[in-house]
Structure formats: C-alpha cells, structure tokens
Amino acid sequence: MSKSITAKNLNVYYGDFLAVEGVNIEIAAKSVTAFIGPSGCGKTTFLRTLNRMHEVLPGARVEGELLLDDDNIYGPGVDPVTVRTMVGMVFQRPNPFPTMSIRENVLAGYKLNGARMSTSKADEIVETALRGANLWNEVKDRLDKPGSGLSGGQQQRLCIARTVAVKPDVILMDEPCSALDPISTLAIEDLISELKKEYTIVIVTHNMQQAARVSEKTAFFNIAGTGKPGKMIEYADTTTIFNNPSNEQTERYVSGKFG
Amino acid sequence: MSKSITAKNLNVYYGDFLAVEGVNIEIAAKSVTAFIGPSGCGKTTFLRTLNRMHEVLPGARVEGELLLDDDNIYGPGVDPVTVRTMVGMVFQRPNPFPTMSIRENVLAGYKLNGARMSTSKADEIVETALRGANLWNEVKDRLDKPGSGLSGGQQQRLCIARTVAVKPDVILMDEPCSALDPISTLAIEDLISELKKEYTIVIVTHNMQQAARVSEKTAFFNIAGTGKPGKMIEYADTTTIFNNPSNEQTERYVSGKFG
Amino acid sequence: MVSGDKAGAGLDRGFAGLARFAGIGILIILAFVAFFLVYNSWGAIYHDQDGQADTASFHIGEFLSHAWPLVIGTVIVSVIALLIAAPIAIGVALYISHYAPPRASRTIGYIIDLLAAIPSVVYGAWGMTFLAPTLVPFYGWLNEYLGFIPIFGGAPSPTGRTVITAGVVLSVMVLPIITSVCREIFIQTPKLHEEAALALGATRWEMIKMTVLPFARGGIISGIMLGLGRALGETMAVVLVLSSGPIAWSIIQSGRHDTIPSNIASNFPESRQGSVHWHELIAIGLVLFIITLLVNMIARWIVARHKEFSGAN
Amino acid sequence: DDNGDGGNDAEENGSTTENGANGGGEGGEAGGDLAGAEDVSGDYYGGGASSHETAMLEWIFAFEEQSGGAAVEYASVGSGNGRSGFLSGEYQFAGSDAAMSSEEYEESTSQCGPDGAFHLPTYIAPIGVAVNVDGIDENLNLDADTLASIFSGEITSWDDEAIAEHNEGVDLPSTPITVVHRQDNSGTTENFTEYLEQASSNWEWEASGDWPSEITSESAEGTGGVIGLAADIDGAVTYADAGRIDDNFVMVNVEVGGEYTELSPEAAATAVGASDRVEGGAPNDMAFEIARDTEELGAYPIVQIAYTIWCNEYPSQEEADFAQAFAAYIVSEDAQNLASDLAGSAPISDELRDEALEAISQISAG
Amino acid sequence: MSESTRTKTPTPASVDGPAGALQEEQDPTELLRPNSLTGNIQPRWFLPACAAAAIVLGFALMVLFADNEEFSINWALWFIFAAIIHLALAYFITLARINRRKATDMLWRNVIYLAFVLALLPLVSVIMSVAIVGVQGLTNAGFLTSDMQGINASADAGTQDGEHGVLGGIRHAIIGSLIITVVATLISVPVGLLTSIYLVEYSQGGPLSRAITFFVDVMTGIPSIVAGLFGAAAMTTFLSLADSIGLPVPGRSTMGVTAAIALSVLMIPVVVRTTEEMLRVVPNELREASYALGVRKWRTILKVVIPTAISGIAAGVTLAIARVIGETAPILLTAGFATRVNWNPFEGWMTTLPVFIYQQFTRPLHPTYHDPSFQRAWAAALVLILIVMALNLIARIIATIFAPKKTGR
C-alpha cells in the first residue's frame, strides 16, 4: 500500500511554454518529501504530473518517464483515471463537494464511481477514513450535515479523509495549509506524520518552517525569471537542505535572502 | 506629503463576526511598517480599514478611531472617497485596468476627475510615476500597449506607479509580492526602500524574510483559532521582533514553530 | 497494473460522443429550419405568371418590392425598442448590481424577471387598450413642437396605434432580457479591478465607468442583441398594437409601417399552401432569419474587435 | 341552459321520422338515405374561416347534443389554412370565405375521390358599412362610387358634397373621415373590395383579401378589432360582418337600381339569388359568383358567402356518416335560423337547401 | 495643508464654468486632491429632501402648464417635470457645495434610480390592467374547473340577459399549456443541457463549438411564427415518411407534440445559453477534486458538476419555459384549437392559455356583446402570469434546496 516514485528527465509544457525542465528525482515509499521554492517555479506543475492531473489543463503535456514503482505512468495504454486512483491529491484550497454531506464526501471516491456497498461496509470506511484524518471525533455527530459547513481546517482534513478512503499508494498535497489558521495547520501537520506510516507523501509548501517540520527529504525548485522554465535545483535530506545546502541558490533561499 | 497613522482601540466586524479586536498602533510618517502573522489573523482586514476599503465588502464595519495625522477618518461627515485619495493601496494580485493602455493606467487617477491637462503635463506625470516605480526603462517604448500584457512583476509595479501618480500620503500594500517570481520580488523590495523617502508605507507580508528586509517596524498579528478574533500581539522595531520578541507567541512564530 | 479498464474508458467516450451529438443535433435542427425556409422561398421568386401554367419565370423585383418596406418597418420598430430599452435596462442592471441594498437586489431582479414572463398577447392587449390611447396627446405634442423633423411630421394618429407605440411595447418586452444579461455580467466584474478604482479615490460612478462598463461591454452588446432578436421576431404584440400600412417617414402616424412577423401572422391564415403568396410569406420569414444572422455576426465582430483590451483575461 | 332550444326544435321536427335528429329529419324528406346524427360518434375536425366561428360553435353544440357521442372541433385558422388543412386530410371539412381555385379542386380529387370536393353555401353574411360620427344618428345613403371615394381616401370629410348629394336634409358634420380597415388578410376585405371594384369605376385596385397598401388609414386585427377601433374614433367608417356591428354605429344604405337598399338578411339573400354559379367544380358543387353590380331592386350586393367544403368520398364510413349528418344539420332551417338570430346571417333559401341536401346525399365512403 | 481647508469659500477645484476654464494650466493634482476630509459628502437626508422638493415643484409646473379651463392631474407630465427637477437640483446643489466629480456621481446615481423607477412603471401598469379585469373573471364559477365545450354565443347572450353569470372555463387550456410545455421541456432540456456540457466540458474552442455557439445565437432570433411553420411542416413530412415505411403513426399532424417540437426550436437556445453560463461558474476545483479521486469525466459531470449547478440550471430552464409558455402563433398552427380537455399530446387538438386569450380577445364569442369573452381573456392572462410566477418561485425553491451550502462560520 505504498509506492516509490521515480522521475526521469521530466519536462512539462503548457502548450509551447516549457514550465518545468529536466527533473530527475527518486522518492522512496512511505516517506514525506517537501517541494519548496519561490512562486511560479513550477512546484504545483510538477506535482500534478505525478498523477497526470496536469492533463486536465488545456495544452499541458509531459516528456520523459515517470515510474510508479516500476510502471511508467506515461507508458502506452496507461489510463490516467487508473493512475489517479493510485495517486491521490489534496489541493491548496479545501474543496469538499458542496452538494454532499460529510459522509457522502468521504465516500465520494466510491459513490462517484457508482460502487454499491452495504451500509455497514460504508460506515466502516467512513469511520476509518475520518479517524485516519483525525476528524472523527469532531464530526461523528453530524455526518449528514454538508461538508462545507466545517471550518477551513476541518474541510481540509475532510478532503484528506476523502483521499485516504480510496486507499491510494501515494498522496500528493499542494500547499494544504496555506489557507488555514495556525491551529488547523498544526492538526494537518500532525496528520501527515501519522499518514507517512502507510503512504508515500509529497507535499508542496511555501512555508519553509513547515517543510522543515514535516518532511524527511526536500526538493528545492527555482526559476531564473518570468518566462524561463522552472528547475529542480537541489534534492536532499531536509536537514541538509536547511542547514548545509550544496547549491548557492538554495542557500540564499532558505536563509531568506529572497523569495 | 506623508502622514502618520494612529489606531485607537479599533475593532473590525464582518456582520456579527468580530474579525479583528482592539488594535492600538501608531505608525510614523515616512516609515515602512510590516504586518506579519499566520493566515486568517486579520492582517488584510485591518489594512483595509486604514483607507476604509473594507466598506466595499458587505457587512464590514469598524468601531474605534483611526487618525490620519489628527483627523479621524471615521469621524462624522468624512467621505471615504476622500480618504482613499489620501491613502493609496496596492493589492496582492496585480490589477491593472485591462481595458487601458499602460499610459492610461498611470493616469487613471487623473482621468477620474476629467481633469484637462496638456499632453506635456501628462507625459511628465507618467514618466515621473513610472520612474518612481522603477518601470520606466522597461515600458517606455510601449506606453500605448495594454497594461495586461506585462509580466506579473511589471504589472505590480505599474499598479504602484498608478498609486504613486496621484501622490497619496500613505501607501498600503497587501502581500504585493506573493504572486511574483524572485526577480520581480527583488525589484519591488528595492522600490519600497525608495518610496519610503516620501511616503508612509504599510506592507502585509507572509514572508518573514521580506518583512525583515524592508521594514523598520513590524506588527505581529495572531488568532487563537477559527472563529476567534484576530489580535495585534506585538508591535516593535523589526529587529526586536525578529531577534528579541517580548511575546512568546511572536517568538514561536518568527522561529518557525508554526504558521 | 496501471493499464486501465476498457469499459470505463468506453463509457467516457460514449458520453462525450453523446454531448457532441447533441451539439451537432442543434446544428442539424437549424439546418432543417434553414432548408425549410429556403426550399419554400424559391416559389416566391420563381413562379408562373398569374394563373397561367408553364410560364414560370423569375420575379425577384416583385418580391423585393414587397419585402423591403417590411424590412424597414421591422428595423424601425426594433431600433425604437432598443433605443428606449437599452439605456434603461443598463441603468436597472447597474441599480441591481451596484446601487440597490444587497438584500433587496435579489428581489428586485426577480420583479424585473417577471416582466419577461408576461406573454406577448397580454402586452399586445395592454398596448392596444391602455398604452396607445395614453400616448396620443404626447404624439400631438411631438407633432406640434418637433413636426419639422420628418419622423414627427404628418397628421398624428388619433388612436396612438403607431410604429412608435409598437416600439415602446417591444421595449417593455425586451427590457428584462437585456437587464438580466447585463446584471449577470456587471456582477462578474472582477472585484480586483473595482477595488483598484476605488482605492484610487474613485466615486461609485467613476468606478463603474472605469471598470464595470469596459469589462461588460461584450456582455452588454450580447444582451442587446438578445433583446434585438426578441424585438425582431415579436409577432402578436405588434399585430395587436400597430395599425399597419405602407412605409413612411413619420413614426407618429397610424396606418403606416408593418413588420415582418406581424405581416406573416396577418396574412398566413388566408394564404393557401403552395400559392405564390404563401411562398412569399415564407420568403420574408427567411429574410428575417437572415437579418438576425447578420445582426449576430455584427455583434460578434464588435465584441471580437475589442478583445485585446477586454477584461477577459 | 338556453341551448335546450335547439334540442326542442329538433324534437318537433324529428317527430315526423324515427330519428330525432335535425339533420336526419331533413335528410329523410330529401332522399331518405342520409345518415342521422344519432349514429355519429367519435372525434371530427374542421377548420378555416373565422367568419363561420360564431355560427359553427352553435351548430357544433347542438349537433353534439343530438349525436351519439360525437365531438367536433372547429379551428378558426383562416380560409386559406382551412382549405390547405382539408386538402391534406387534417380536417373532415373546411370553412372558407372563398371558393377553391381550380388547382385546389384538382388536388381534392386525389383526397376526395374522383368527383373531388364540393362547396356548400352555409353562411350568407351581409357586410355592413358602419359609420361612427357624432351628429349622424340615422343610416346614410351612399352609392358605390361615393363609397369607393370614401374608402380610397379621396373624400376626407363627412360634409363633403358627394355625401350630401345622397343625403338631402341630413345635417352632416365636418368631422374628418377615418377609414378603418382589416389589417389581416380577410375574406371580408376581399368581398368588400370586390364590390367596390365591380360596382364602382372610382376604385382602381383589384379585389384582394389584403387592403390596398397605397391607402393609408387605421387598421386593426380581426372583425372585433376593427369594430372596437372604429367605435373609439369619431368620424370612423369601416366594413364588417353585419352581425358584429353593434349600436355604436349607423349603417350605410347602398344604392342599387336607383334606390337605397337597407342592409337586411332578405336583401342579402336577394343578391345571392341574383348571382351565377361557378363552373368547373364537382357535379354537385354550389359555389357562387356574386353579382356585385346587380341592379335588382331590394338586393344588397355587399355580401359574403362562407362555404363549408366537403369531400364527395371519404376514406371511412364513419367520416362519411359524420359529413352527411353534420352538413345536413347545418343547412337545416333550425341551424340557419340559429345562426341568423345570433350572428345576423341570412338563412339560405328553401331552394338552396333542397339543392344542398341533394348534394350532401352524394357523399359516400370509398 | 489641513488648516487651509476648513474654509467654506469655493476653491478653484469646486468651481465650474468660465473660472474653471481659465485655470486649465493649474496643477492637475490640485483638482484631484480634496481640501479636507470632511465636507465632501452630502448628508443622508439630502436625496429624499431633493426628491420631495422636486415632486412639489413638478406639481406646480404641471399646474402651470395645464389647461386652466378644466384642471386634471397629468401624471405623465408631473413625473417628467419632477424627474428633471430632481436631477438638476441634486446636480447643481452638489456642484455648488462640493465639486464637479461629486456632482457627476450624484447625477448618475439619480439617473440610475430613475431608470429603475421607469422600468417599474410598465410592470405595475400591465399587472394592474390584467389584475383588475382578470380577478373579476377568475371569480366566475367553474372558471378553473370547466372547459369551453358548448360555450358559444348563446351562452354569452344568456349572460347578457342576466340569466346566469359568465360561463365557461380554462381547464382545457391550462392542461394543454402544461402538457405542451412539459413535452417541449422534455425535448429541449436534454438536448440543450448536453450541448452546453459539450461546449463547457469537452470542446476546447474548436470550430464545432464556435459554430454551435454562433448558431445557437442565431436560433434565438428565429421568429416564433417561423418556428410554428417549421414544426407543422416537419411533422407532416415525418408522418408521411413514417407512414410510407409502415410505422403506425397518428393520422393528423395537428397535435400537442407538433406544437412542442415548434416550441423546442425556440426553447433550446435559451436552455443552452443559460445552462452554459451555469456550468461555467462551477469551480474547477470541484472537477479536479473528483478527477483526483480517480472518477471518470462523465461521472464527474453527472454527479459533481451538474448537481453543483442544478439551481442555476433550474433557473435557466424556468426562464426558457417562461419564454415559450406565452407563445401564441406557433401553437395555433401546430396544435389547432380545442374547446375541451385533451390529455393526449399524440392525438387530437389542444389549446393553450395564450391561444385561448388571443382567441377570446380578437374573436369574442358573441358578435356584439364582448364582455364575457374579454373577462375570460383577462382572467386567463392572470392565470398565465400566476403560473409563470409560480414556476419562477419553484425554480427559486429548487435553487435554495439544491444550492451548494455556503461555508457557515
């Protein structure tokens, strides 16, 4: 229930615009990896290529190889929908389905795919997922209320529960806390430490402290200027990146000289 | 051409929701003040009360006094439109008027009153403002192109030029660099150091390094949790806030323990 | 392992195909309508001499002399309707989006939408029994003081059943259409730009002039075009209100002007299918169809011309 | 309610024969082989001229009462549409202000058997010229030439000499004349302009259902529309189905053969009696060519004949039975009197009725 | 600069006209900068006071202009005078007290208020016209529960003689309206909705989508009578085709469905346009959330996008229904005219409320006594308006029930 990720010479384009260039990275299973870097350097773009979510955007395409364990998800005959059932994603702004109750939101991955299951089975999935997202105690009495009635932090955890419920191998998170208050942020960070026992986690954050707190490895992305492609500058253990980076750009960034 | 700001016991509400509580602050003329704090703590909300821009949002209202030099901008008979000609604002996302050329964007404030002015006078204003915003050299050959054709950083400087052109007393900036790449960010930061010679500047930033780089004084805001009001926790010289904060929350925040 | 399930992907394609087919279906329906019109219009310009068989020849001039006064009449009525309705509709839309108290604006929008729901027969009856007589003194006044302008010349109608009354009734009918389109667009003006204007010290009107109106220009035009479409095609209200007749300069005389739809409605019941007259009626229907086509093309062209400086990005 | 009258009459009439129905009764006298109303059931449709509408609604109701459960609908879609609908098989019968053209008759032979369709004159309606002028309280006398001049807009005032000439001793006001005409294409306009064209040399336009577009004046939709509008205008003159003209108006007595004939059903019937038939239709056809320029004393030549058009051969026996029964009913004396009472039409004469019943008896199923 | 400002004397900035023109070369910033924080705003009571004054003055002017002989209130003239005075008064007082920018703002604000009032006038007038006569007709016994079978000139003559009240009703027309509209909706909504789905979710601005968008616009301009002609012709052709290949088909093309098809031609473009808008405002985040769960696109559209937009779609469909439920001309040509209830859209004629209104209005049953027919017509108009209002209301209720719940704080 957890896979490694390997990118080989990955380029990402929006139409003709090369947004991210030549990424080579190996992400171990059951680890937390953080992507950091200034705005516009392509963190989100690269993250979305890990489950082919970029294909939803018009004109976005990829060159290179991306292996999930040993399978190239860009290989011929691969169905992006299948990839996404294996690689889940949590977005920057919490986005529970506004028309569904909390319970339905958690079951969305099943229900939307038309799966039928017994109530007891469903109850079990809901409870497991919500417990996994540290949300069970807060919402167990109002599972039939709309998910959008929760606070931002709770909504984000609901989105995580929804992702966890379908038991993916990898969970991608794009700045999951940037719209949340500090208490909620703390709750999510705690949750990430829990989740890594079972899942491979990749998290984008603009908050270096957060990266330092939650991740084992960190990748630093940078961009030379508007219109230039983003690049992965350095990828190493988090402690190395923050205390002893080998690249000068990384050093300037983590020390707050820019960004 | 620069005024001081004094808030006395300022509460800001959205409808019944108290978003910011009891702010007391004195901001000197011709200085740069930074507001920092976690997301949702009310930095933007408070900033907008400084030129009554919050009134644009439905239900937003203020209790308390806010003095511009000696005049209470919430006093009876005060026209918010007048306040805003004195206190300019730059927003998080660059927002040049899409239907106007670069030149027209800079002159937008003058166009308002239908002021007739000679072309030479207008040229002068445009050049001065664009030079003031460090943008002149980049755009002087294409003043009649739409402002939306510029890069994000250039657009943001165009917005600053537009604000500077009407010669306000105070300039408010709400995370002016958060949507910009590092090069553009640097340009804006340089610009701020220039501008403070003539204007009182208040800047909100989520980037502590930026606060440290540009500001003389820093105010730290915090929030106890979702639904609670935001409060100003500490206000002091920037060096004090970052190196020797008197409040424990501030210390935890600037040292990256949360946020 | 990651290769997908064929059935699911097939369903996906099937649904996409269905949606696409519906779109094409609309084009087909329209093609049928166009074909129906063109096919049946042919008899209007190519037909036998009166009563004599086997003498078929072209009668284009004849048809045109029949059609052009109707085209002019239709245009006049629609232009009057738009000249009145468009400014008021924009005003009302601005009132709802930027002036009315936020709580009241929904209700007000609902009330204005109600106007759109009143059937045209009712408008016709209202225009004929109430509005036309009410406007008679006003036409007298126009004629007395502005009679030197040809459009207000001639003997003013004693009944008020004039082309301008028809225009006023149509303006009431198209007003809610234009209003609701404009309102939607005005509301969507990026807050970012509105706030930029306000932060520069703009008054409410200056903010509207600077951001809302330029942003909404395309929407306003398409709203007006939608209204124009309704005005061009309106039948019963014109039939009931207008005392029709030949084309003239004056718009305050009755027994002048007629519109295409009203002419079709008035003549269709007595025309025998397959007769030249019947073909002529279908052919002027085709003319109206072409007019709406042109109007739409022009509107699109106007909207596209301002693309570079539009608020679309 | 008061429609019981029709039923009562039917009983009186029908008492001579076994079937209690009107049409059947009459039919019995004529040929004895007409289907009776009580044998008819099912849904039947007719459509066409609106001039028929008032009478038709009366007839339908009375007929349905007598029938064995028939439901009849009549749509006033206009004569042209009525004939089109009839020829395409939508309707079992059509109502029309004008007779079929020769092409239409041709077409009907494919729909209605080898003999095609035939016309029955079922509604003879005088067209009144109605005047609404303050100060004129009695019928005006006018001749065709003056009428033509008035309606073409040449005479613009009620005290014009040409009018005064015919009305000695009447104090004519100087009110301007407002002509009100039908805006829609109509049989009334066609008959009226045909009269003007044939009876006067002052009328330069061809007869048509469309008012000549060169003459600009007030217009309104439908008979009700012109009456309503003319009633609101001092100085208005219009032409309309006489039965629909109310007492807001005075009428025009038309000069025929040197005398002024007042409008009446009898005068209208006299004009019809003086008219010729249209040739070239079915053997049992009864279409008229009305003599507009007749000089027969007591004839009122501005008259409109609305026909019902029937097939000589229907696809099914039910339809043929219905056609026989209903057609026989509407030419019956009761039906004609009912229409005359309510709509002011002229009942058809007994000779016409007999001829009609003979024609109706030709209807068969194919 | 704040001390120089408390003066009440007009500064160059607030003076318009010749003096202003001479100042052309002054520093533009002078014009822009207000002199003080206070005094740049009209008090709250200013507009109401201005309006009151204008109404009084307008009345006086109207009296002045009116014929002295017989005095009567000329509402139109009063309104026009009051409006002009109000605009002028507010403008010039603001100009004198504050400055030109504020005065312009004031002027436009009043113009916009006025536009709103102007738009309400015809609405009130129409509704009053309909309601006053309509309510009377509506109270006639059996008006809603009976049809027009057997109601003819004799019946109205009976009313005239005082034998009974106005007879007849609109049950058949209500049923006809509902059936035809429902069938038209059943045809238009799936086609329209699928098309807008294609436009929003699938097409990426290709030629097909541009063609569809353009021709949908064109379709909104099809005159309703042409749609009626087309519907009748299409059904006739279809029936003869179907008949020739031996399908069991109705013998007559005049029936409810034919009318529904004609109405669909008018309805589809409205449905496409409104639902397209509604689908476009569904946030992309929701689609992405669904895709990220491994949900296929068609399921995402059906189960996430459409439910989220359902309230807007419902409102759009209601608008489209309101657009066609009032049509007269196409119905007369396609569904005929019936006097009794017909529940079957595939057989026999039908009447709808607008046709009924038109018929009663232009061809009253009784040749000379029109009151009963007019009463029926206005009452039917009232019922039609009420039905449309109810539809609107239902759409709004649907909207609130299904509307995505707002984040509650």
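The letters A, B, C, D and E name the chains in turn, as written, and every chain counts its residues from 1.
Here, contacts are C-beta pairs under 8 Å (C-beta built on N, C-alpha and C of every residue); 3 or more make two chains touch, one makes a residue touch a chain.
Here the structure is a predicted model, which means the values were calculated and not measured.
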item	value
Chain A to chain D, fewest steps along touching chains	2
Chains touching both chain A and chain B, listed by label	C, E
Chain with minimal offset from the mean of all protein Cα atoms	E
Chain pair with the higher count of C-beta pairs in contact (C-E, A-C)	C-E
Relative to chain C, chain with the most remote C-alpha centre	A
Identity of the chain that, by mean CA position, is farthest from chain B	D
Centre-to-centre distance between chain E and chain A (centres being mean Cα positions), rounded to whole Å	47
Between chain D and chain C, distance of the C-alpha-averaged centres to the nearest whole Å	39
Whole-Å separation of chain centres (CA-atom averages), chain B against chain E	44
Chain B and chain D: spacing of chain centres that average the CA atoms, whole Å	85
Sites on chain C at which at least two other chains make contact	8-9, 12, 201, 203, 206, 240, 265, 268
Residue numbers of chain D (touch at least two other chains)	50, 77, 81, 88, 221, 225
Shared-contact residues (touching 2 or more other chains) in chain B	81-82, 85-86, 109, 112, 166, 226-227
Chain-to-chain touches, reported pairwise for every pair that qualifies	A-B, A-C, A-E, B-C, B-E, C-D, C-E, D-E
Chain D-facing residues of chain E, complex	149-155, 157-158, 163-164, 167, 236, 251-254, 332-333, 336-340, 348-349, 359, 361-368, 370
Footprint of chain B on chain C - complex, ascending	102, 190-203, 206, 210-211, 214-215, 308-313
Contact set on chain E toward chain A in their complex	204, 283, 285-296, 299-300, 303-304, 307-308, 310, 402, 404-409
Chain B - residues contacting chain E, complex	17, 68-71, 73, 75-79, 81-83, 85-86, 109-110, 112-118, 121, 125, 166-167, 226-227
Chain A to chain C touching residues, read off their complex	68, 71, 73, 75, 77-83, 86
